[in-house]
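Please go over the structures that come below.
Okay, so subunit A shows up in both of these, paired with subunit B first and subunit C after.
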Partner chain A sequence: MDVLQLIANGMMAGGVLAVPAIGLAAMYSVLRFPNFAIASHATAGAFAGWIANASLGLPVLPSLIVALLAGGAIGLLTDEFVLRPFRRAGFITTAIGSLALTIGLENVVRLVFGNEMRGYDLPLARDVVLAGIHIGPQQLQNVMVSVVVMALVFGFLSFTRMGKAMRAVADNPPLADIKGIDARMVARIVSFMGMGLAGLGGMLIGLDSSIDPLTGFRVMLPIFAAAVVGGLGSIPGAVAGALVVGVAEELSLLALPPSYKSTVAFLAIILILAVRPRGIFGREAY
Partner chain B sequence: MKRRTFLSGAAGLAVGLALPYLARAQGGPLKLGVLTPLTGAGAQDGPRMLKAMQAVVDEVNKAGGVLGRQIALIVEDDQTNPEAAVRAAQKLVGVDGVPVIMGTWASAVTSAVAPVCWDSKTCLMTVSGADSITQLPHQGYIFRTQPTTTLQATKHAEYIVSTGAKKVAYLAVQTPFAVTMKDIMTAVLEKNGSSIVRGVVYEPAKASYRSEIDSVLAAKPDMIYLNSYSPDLTVLLKDLFRAGYTGGRFTQSYAYNAKTAESLPAEVTDGLVAVQPSSDVDSNAYALLQKRLGVASPDSYEAQATDWVSLTLLAIEKSKKTSGADIRDAVRSISQGSGARVASAVEGLKLLREGKDVNYDGASGNCDFNEKGDIIDCRFRYSLAKGAKFELIKIV
Partner chain C sequence: MVIYLLSISVVATIYAVMALGLNVMWGTAGLVNLGLVGSAAVGAYTSALVTTRMGLPIPVGLLAGVLAAVLIGALLSLVTTRLKDNYLAIVTLGFAETIRIVASNEIWLTNGTDGISGIPGPLRAVLTPLQFNALYLAIVVCLLGLVYVVCQRILYSPFGRVLHAIRDDDVVVGVAGKNGRVFKVQAFAIGSGIVGLAGGLYAHYTSFIAPDLFVPLITLYVKLSLLLGGVGNNRGAVVGAAIVIVVLESTRFLVPLIPYISPTQGAAMREIILSAGLLIVLRFRLKGLVPEAHDHLTVRPQQNTAGLRPATT
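Up next is the complex of A and B:
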């Protein structure tokens, strides 16, 4: 099998996975718990984007913005009313609460939209062949959207006051508090951003396949693997982790039957935790 | 008070206290278990199967029930997930004490639930196709209205041969029947001058199968057999289109159903051939099913669900008992043999109450079972995808 083709396929898959992985990493760095609810927020975002695209007839790009905003808004609300009360009880309790939240939210989606699969209203294009490697135009577009979003996230964290405040809280919460940074506001912003990225990522994944209430749940493992491999809490790490997991899953086909693909994400987690628990980039938020 | 008076009084009192309980046990509804996928990959079929069963139960309840009792379906969701299904089955047999569980869909789920059933002497009625299921030591408790993998694979391979395809690729989601099916098809194809040029078993629920498709297309097939479930089939069909594949594609109707068709553009699906075990569309039971559900063409799953609950109720009436073992022993005495042919539970129950023998011919087929619990014969329907519609090719 063509190794370059496998790497290309892996980069495309990883590029899209990176978006929700960044969201997970950002939330972890500030709120200090792994937010499993990212799965159902990805699903919710995908369905919001579907309403915009298939029901209201908006083109794909504005629909992606709808997915982002919907994921973010739901994330803001669920964090404020469901997860925040858990945080006082500690990290494990909040993580378990987020698991319960993801199951609940997934079933709300199921209640409203039913179980059937839905496809976005967009024309399918045949692959283009570049130097012997075939790539789908939609995949390219998805990856470009990912890259733009990543650039925006980095810009936000580096150049805006709120972004810097967020990094300060992630780095040293007591110090940030002394300097007068409103931790609660930062928590709200990061929940909005993190879950918004999850919603956007959910729709990007759906664009290439189809969506149903389990869309987010299916990618939860690779998203977590990406964040852990990159160093849970590190945003550049999440991008690197997503690419590593994406490419590793595809390259595993050289040695393993395709039915073992998911093993790769688990193996990546075990390997990184055993050899370099800080992940590739360590636990720096930025 | 004399001792005798006291004793008879006490006995009378005890009986009096116990009476409401006895009356309730006798007159309360007869509980039957439904364990079907309401969520997960089978969620397209589970709710419809449930509706079909409920419709028969409503009809029978209206006509006076069975053994003078009303029937209640106790419904659990198997989530198309073996682990969740086992928990639900244990609840059905342990808490509700149902004598039969109807509706498991995925082979992996049925295989997991089966031991719970035979250990508790509970019948299990299923649409799962894997051959291995009825080869389990199930002591007769499994009844399967779906043709076995062997029967299906043989018929499918014969159809593929009839299209003139010579180089067939086999692409299957990981299931208990994925490998068996490939072996049987290989044998039939090779006997007829075709062959399987590439076989790939892939993992379910991935967002992309590009690398798997690349590997299959490298073998230059002129027909691809997609042994998939709906979520992965959508991805595969899109990826095949993107890769520019123009040869034949063949899949199961449980994967390519009306909902799947709606979620995909016509250019991706046109020309796909979908096969399913056909209901006995010319039968009286099928006509009754159409009327009962108010649906123009109920599919094979709705037909099979109708038949399970009908067979169960007839078996209970026949044996005059309600345990799982009694149902198991009585099924063949009402499903086959020389009794009067009946097409519905209500009709059969009436004759049984009059002391006559019946032979239930169902909506899914004539429901004759062999000693392993498999149906003996079945028809298949082949359809062609065109737009979001299906064109009938043939029923054989």
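Up next is the complex of A and C:
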């Protein structure tokens, strides 16, 4: 296979992976625990988008907004009622709780929709060929969506009062508290935003192939790899990490069968922790 | 019915062994491991391959499984001991998934997703199913007893006290002149080996293993066992495992009573019940049924329940 084609595929996969990775990084930076529930929320978002798209007949873009809102709403509710009470008991208890939550929610999806794979209702279109590299129009649209979403997230964090408050809490919680920032409100906003991005990401990933209750779980390792490679808790890092993981996964196809893609993500985690534990932009891992 | 009861007893005993293994890492040394099932898979596959492909006797297979699990545990631990808990959680979870992916793909070795069947069980050919289950229960109970004694010895030995100290404050351990990293690797390797033994025992009991058996849910069941019984406490680990298996099995009968439910939905329902159970236990009963004994411990902060490290920022 052509290396340039693989790199192009990797950049596009990474661009899409960046969406949930940003969500994870944002949640980690404020709430300080690895939220494994991101997997089930990505699945839930993908199915919500599927209902909007395949059952209600909405076009893809409005369906993506449905996926975002559904992921966010479920994220807000589960964080408020399930995960928030755990935080007092420590980060690891919360992380285990989030793993139980992800399995529970995944099975709620399975209970309602069953195990079969479902595809979105997409218009057929021919690949765009650019300098010998094939690009699917749907992939291109996914990448554009994710670029727009990333721009919005960065705008939100840089220019709005709430975004600045969120960064303040991430940077120094006691100081943010002294300045009168309501940490609970920030936690709610970041849960909505983070899980909304997870839901959106779940649907974007599903648009490329099909969805089933394990959709989110399958991409959980790459999402975490992206966040760890970029530096857990760093949002620009998550974008860079996602691109690195995306390209590395595609390039691994030169040597390994496709089913080993997730393993590449794991190797990326191990490698970055051994060489540069802070990741590209992040804090200390030790 | 008797066979069924015997078989859940066997499974409960195997879970108890796993819970003891987790207790060495998590309860005693405070090392997070969300990839427990990876060690079980390594033990199960090694033992299965040694006995089916190489035709060696079952005890040799089990021993090989334990050694493989010890080795992989030590390796994983060497890479991760310096990491903070949050990273350890991610890495260990990724480790278990990676083991599962490798087991699904290396078809020449593991037969892929079809799994390995025909794994020998002790005297399976000559005994009736009833006798076989009874014999196997006796074997696993003996091994559980052995592991229990070993774990108990570890808990009260100087080695165990260092592990406790690492859990409570690993800086102090360093100040006291102990190399915390070596102890952590050892604890991780021992725990992983015990879990590997459980995996091997499972393989020889059911005679069939496949990658799909080793899902993260199993890790959660074992965590739940330990949390129910009381982290840091071997008696609690055994009691907790028994409770988890009884609840798990009873949902098998209760869920089909729900009208209009398909088998897939039933399975989903059971997993929902179990994960909700774990969330509730985590939320409300952090000390477990058998709280950790305080007699051999010196200073412990009151809010540091469940043997988990205190939340420090």
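The rule we apply is simple: the second predicted complex is superposed on the first by the 276 of 286 C-alpha atoms of A that agree within 3 Å, B and C clash if a C-alpha of one lies under 4 Å from a C-alpha of the other, contacts with A are read in each partner's own complex, and residues count from 1 in each chain.
Keep this in mind: contacts are C-beta pairs under 8 Å (C-beta built on N, C-alpha and C of every residue); 3 or more make two chains touch, one makes a residue touch a chain.
Just so it is clear, the model here is predicted, and its values are computed rather than measured.
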With the two structures overlaid on subunit A, would subunit B and subunit C clash, or do they fit side by side?
clash
Touching A:A67, do we find subunit B (first), subunit C (second), both, or neither?
neither
Quick one: classify A:V219 as touching subunit B (first), subunit C (second), both or neither.
first
Can A:P257 be said to touch subunit B (first), subunit C (second), both, or neither?
both
According to the stated criteria, A:R110 is in contact with first (subunit B), second (subunit C), both, or neither; which is it?
both
Would you sort A:R32 into first (subunit B), second (subunit C), both or neither based on which partner it touches?
second
Taking the superposition as given, does A:L99 touch the first partner, subunit B, the second, subunit C, both, or neither?
second
Could you look at A:A89 and tell me whether it touches subunit B, subunit C, both or neither (first, second, both, neither)?
second
Partner chain in contact with A:V244 - subunit B first, subunit C second, else both or neither
neither
After superposing on the shared chain, does subunit C or subunit B touch more subunit A residues?
C
Which of subunit B and subunit C A:I269 touches, first, second, both or neither:
second
Among 25-33, 151-159, 205-213 or 241-249, subunit B is struck only by the subunit C stretch 205-213
Identify the overlap between the subunit B-contacting and the subunit C-contacting residues of subunit A.
110, 115, 257, 259-260, 262
Mind pulling up the subunit C residues that touch subunit A in the complex?
32, 34, 79-80, 82-87, 89-91, 93-95, 97-98, 101-102, 104-105, 216-217, 220, 223, 262, 264-265, 267-269, 271-272, 275-276, 278-279, 282-283, 286, 305-306, 308-311, 313
If you look only at subunit A, which of its residues touch subunit B in the complex?
1-2, 5-6, 9, 12-13, 16, 110, 115-119, 123-127, 134, 136, 205, 208-210, 212-214, 218-219, 250, 253, 257-262
Seen from subunit A, its contact residues with subunit C in the complex are 28, 32-34, 36, 82, 85-86, 88-93, 95-97, 99-101, 103-104, 107-108, 110-111, 114-115, 173, 221, 224-225, 228, 232, 257, 259-260, 262-263, 265-266, 269-270, 273-274, 277, 284-286
In the complex of these two chains, what residues of subunit B are touching subunit A?
38-40, 43-44, 174, 200-203, 205-208, 210-212, 214-215, 218, 230-231, 234-235, 238, 241-244, 259-260, 262-265, 267-268
